Amino acid sequence: MKSQIVTFLIQCPDQKGLVAKITSFFFEKGFNILSCQQYVNSIENTYFMRIRLNAEGTILSKKELETNFLELATPLKFKWSVHYGDKKQQVAILVSHTSHNLYDLLERYKEGNLNCTVKMIISNHEKLRPVAEMFQVPFYYLPVDKNDKLLQETQLIQLLNKHQIDLIILARYMQILSADFINTYPEKIINIHHSFLPAFQGANPYLRAYERGVKLIGATAHYATEDLDEGPIIEQDVKPVTHESTPTTLKKIGADIEKLVLARAVNNHLNHQIIVSGNRAIVFPETGE
Amino acid sequence: MKSQIVTFLIQCPDQKGLVAKITSFFFEKGFNILSCQQYVNSIENTYFMRIRLNAEGTILSKKELETNFLELATPLKFKWSVHYGDKKQQVAILVSHTSHNLYDLLERYKEGNLNCTVKMIISNHEKLRPVAEMFQVPFYYLPVDKNDKLLQETQLIQLLNKHQIDLIILARYMQILSADFINTYPEKIINIHHSFLPAFQGANPYLRAYERGVKLIGATAHYATEDLDEGPIIEQDVKPVTHESTPTTLKKIGADIEKLVLARAVNNHLNHQIIVSGNRAIVFPETGE
Amino acid sequence: MKSQIVTFLIQCPDQKGLVAKITSFFFEKGFNILSCQQYVNSIENTYFMRIRLNAEGTILSKKELETNFLELATPLKFKWSVHYGDKKQQVAILVSHTSHNLYDLLERYKEGNLNCTVKMIISNHEKLRPVAEMFQVPFYYLPVDKNDKLLQETQLIQLLNKHQIDLIILARYMQILSADFINTYPEKIINIHHSFLPAFQGANPYLRAYERGVKLIGATAHYATEDLDEGPIIEQDVKPVTHESTPTTLKKIGADIEKLVLARAVNNHLNHQIIVSGNRAIVFPETGE
Amino acid sequence: MKSQIVTFLIQCPDQKGLVAKITSFFFEKGFNILSCQQYVNSIENTYFMRIRLNAEGTILSKKELETNFLELATPLKFKWSVHYGDKKQQVAILVSHTSHNLYDLLERYKEGNLNCTVKMIISNHEKLRPVAEMFQVPFYYLPVDKNDKLLQETQLIQLLNKHQIDLIILARYMQILSADFINTYPEKIINIHHSFLPAFQGANPYLRAYERGVKLIGATAHYATEDLDEGPIIEQDVKPVTHESTPTTLKKIGADIEKLVLARAVNNHLNHQIIVSGNRAIVFPETGE
């Protein structure tokens, strides 16, 4: 396996001795434990762990590691996944007309601050093609036929599968995706919603924020699920606003929040910091990695 | 009128020359303008002003000032109010079981940081009487008869009117007040709700915040209106939380937000910084007053 | 003058009647006052006003307006400036190796969210030329000769003057400019410093923040003055950090703060929201403009 | 030991297998590990752990536990401490004239939100005796003789030792304590400083913040060390301010920050969340405890 970082994400029923058993397992196999983060949900009696390992000292192959781990995992009823540092994730960004999140993600990518390969930008409009070209990322135009929306989704799935996409980012993509599409990519679609959910679910959140006279506006990044704007929340942030703000200025103030919130959520996902449990996302803080 | 601070709050249809006309009026009557804050809502074409005056240089009586001002106000269709610094507002605080907001307000009052007289604390329970006694503020116990809720409201109104209460603070008062009661005190009842409205309106916001897995929790101070949790928002704030938070720890974190938000809203009201327009509260920032 | 926005920035000794006199002046000349913001510093007894006017209703030319205004301004000892909406400001951005602020500013510019013309990017290194080219902004490479630093400054001044630059943005420009250079452009150079000044003035603020073990890091945008990092502060912001942060992760977290802080400061300047008084910057909030 | 919470704080040179060894130790002795938080400082190659245990399942006495643990700790060069949940910490609060932090701490104490016994309030002035009496906490007046400051410190030490005080809170205590005094209570004195350190060390931070024209003010809670305002930082927070703020209003805004920051730091200490390493405080986040 050479010297690479291996990350395990584990959830299971809580019970005595879990941390000792898991960490001893990896220690005995020759791994160096870089960080080991846990969370116990004592209401639901469940246990969560994110453990990052340096594989330098082990002689196991990936396959052997996984086979061995299964022997630990099965009796303890682990739901688990393993992620290897030598596998770069393939990302697709979906957009419509709004460009600020796209610019922000591409700039971070270009600067080496997104640990992935942005394989493609896909849009139902041609408008943002020039942004893709500026950053030299392939752009695919997949227009939506109002009378047959599923046609475009089929094309979308073909394109995503052909390129073995690991993560789909809805960076202000203004089409509602079907439940079938969503369920094809569980916990692999991150959406940015321009309000502090659950406030202002649905359309036009800034206009409604203006009308309600709120004193702060926000943004929420979450995994997409069948129920629109109801998926597990990964990141949220807000900014104070005043009565002076119009729907137009709210949109501008909000754009900066959306950028930060989406970028943080994407980074959390790419670094394997997230475990989803029911409708809640456990997001372990970044360690000094 | 002697040397005192006089504050006018004005709203009217927007039109040319308003600020010149209003400020010239006060200048000619001998007032010194300490601050003059405006807001134009260009969507609804309305104009708002808060103007603070030092009355030292005028020879007008209060009555003369108001009669004179009416001549300016009527043709320009002002909706206005005037507030004199020598009149201290009389405040009643309503509570049930929860004490943190009560402690916080009484500490600020005791320290001279609430510009009012706290005339009384009223509760439907005896539990917080000792807090009132610590701070030497009269405590009234008005229990609610489940079969005749209006009876207690009638007693409440009698008590409030007898003491000429100017502002009613619902500091975690857990009874729903009738529309009749609310409408008796328009823009004179401030409520603290323990969520960032419009998220989690109604009961148990911290439990629902936990279940929804939000990454920030908040509090909202607003004027009470007939529609529960729907009144004009004065102040809001939030704090980040993580998956580690339980409903119990959310309650604790939230208590600190509630204290700050309610205290700021009450101060804004007592300093006459607020003009309500429809369901929105224009809250002018404090000037160096 | 046609229908354009005219902004006056005024400071003078405080005295009775100022707002009435100034607003009456503009009202009588046919201007519509869009917003009128004031600040009284009662410690130094000075008065500040930012007033925005719509010139649609006036028949005055720019020249006549200024001549007339002088009659008001002189006896009241105004220090003032006037800014016309039809004059777009010419901006130069100076950079060295670090690109995040440059990307951020150029993205906002491209999106139409910076009210100016970015005439050029100037650098003492070639490294960021590709970024300038992506956004199709002219790039000038002006290397510094260690033995004759003033030579480059002379070239810089020639370049800036030739293009009539109104605002110089030091977007992580890592050369110390001479007092002579700075004084050539008073209140026209905005610098971003990567700490919450006055903490960590000078070099390597993130390393020193790590070493001091602070629990928040920040950024400060300020006008450049002779004394390094001592000029009037326009904008500041911070983010919480934990012991997990290394100097490297602090740098990453800080980059997002720097971007927001510099962009806000530049916008405040371009919208003529700032009046400098001594070493303090009065920054009027954006109105619904 | 019965069913109680036991917390170990450990620091040592980093090496392979630490988490496995430590957690296995406790698992084998019959403890249930409630939470286990780690931090690796890869710059200094040091390892830190906070581990919380439920002692229900163990048959060891405290003494046996510590003797056994020593066998693990010595070869691995642990610097460690153990804290038992059945031992309530004894706290002394030192104040001078300013009361907001005192009120805040006492309210939290009274409400059951400070896990300690506040044994006494000590002051060099009589002014805050009534606050102590309101909350029924013993008050000691220890005036300072300008010509012999050490005399009062000697009395102070006698009083603190007599009552076996575990934690000394300097809640705006305006006397400089001698190095001897400070070194008598290493990591047992928490001070609140009214600025975001290292900005505005020393006297009058709000006045200096005004003069410097900063756009945010803050507060810092830290362990007191010989060097004034240089000790390990536990908590910091800030609030945005504007040019409108005077030194007086900064003081008021700052008071709310000081209250929150000191209360959080004290709670972190009382919950054994802090390990000091050099001049940095590792503060583990509260788990759902």
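In order of appearance the chains are A, B, C and D, and numbering begins at 1 in each one.
As a convention for this text, contacts are C-beta pairs under 8 Å (C-beta built on N, C-alpha and C of every residue); 3 or more make two chains touch, one makes a residue touch a chain.
Since this is a predicted model, take the numbers as computed values, not measurements.
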Seminar exercise, completed: When A-B and B-D are ranked by contacting C-beta pairs, first comes A-B
Exercise. Comparing centres built from CA atoms, which chain ends up most distant from chain D?
Worked result: C
For this session: Starting from the mean Cα coordinates of chain B and chain D, work out the distance between those two points in Å.
Result: 37
Problem set entry | Rounded Å distance, chain A centre to chain B centre (Cα mean) | 42
Problem set entry | Junction residues of chain B - those touching two or more other chains | 39, 42, 242, 244, 246, 285, 287-288
Problem set entry | In the complex with chain D, residue positions of chain A that touch it | 16-21, 23-24, 26-28, 32-36, 38-42, 57, 287-288
Exercise. Contact residues on chain C for chain D in the complex?
Worked result: 39, 42-43, 196-200, 211-216, 218, 232-238, 242-244, 246, 279-283, 285
Problem set entry | Touching residues (chain side chain A, partner chain C) in the complex | 99-100, 103-104, 107, 110-111, 113, 134-135, 242, 244-246, 249, 252, 256, 260, 285-288
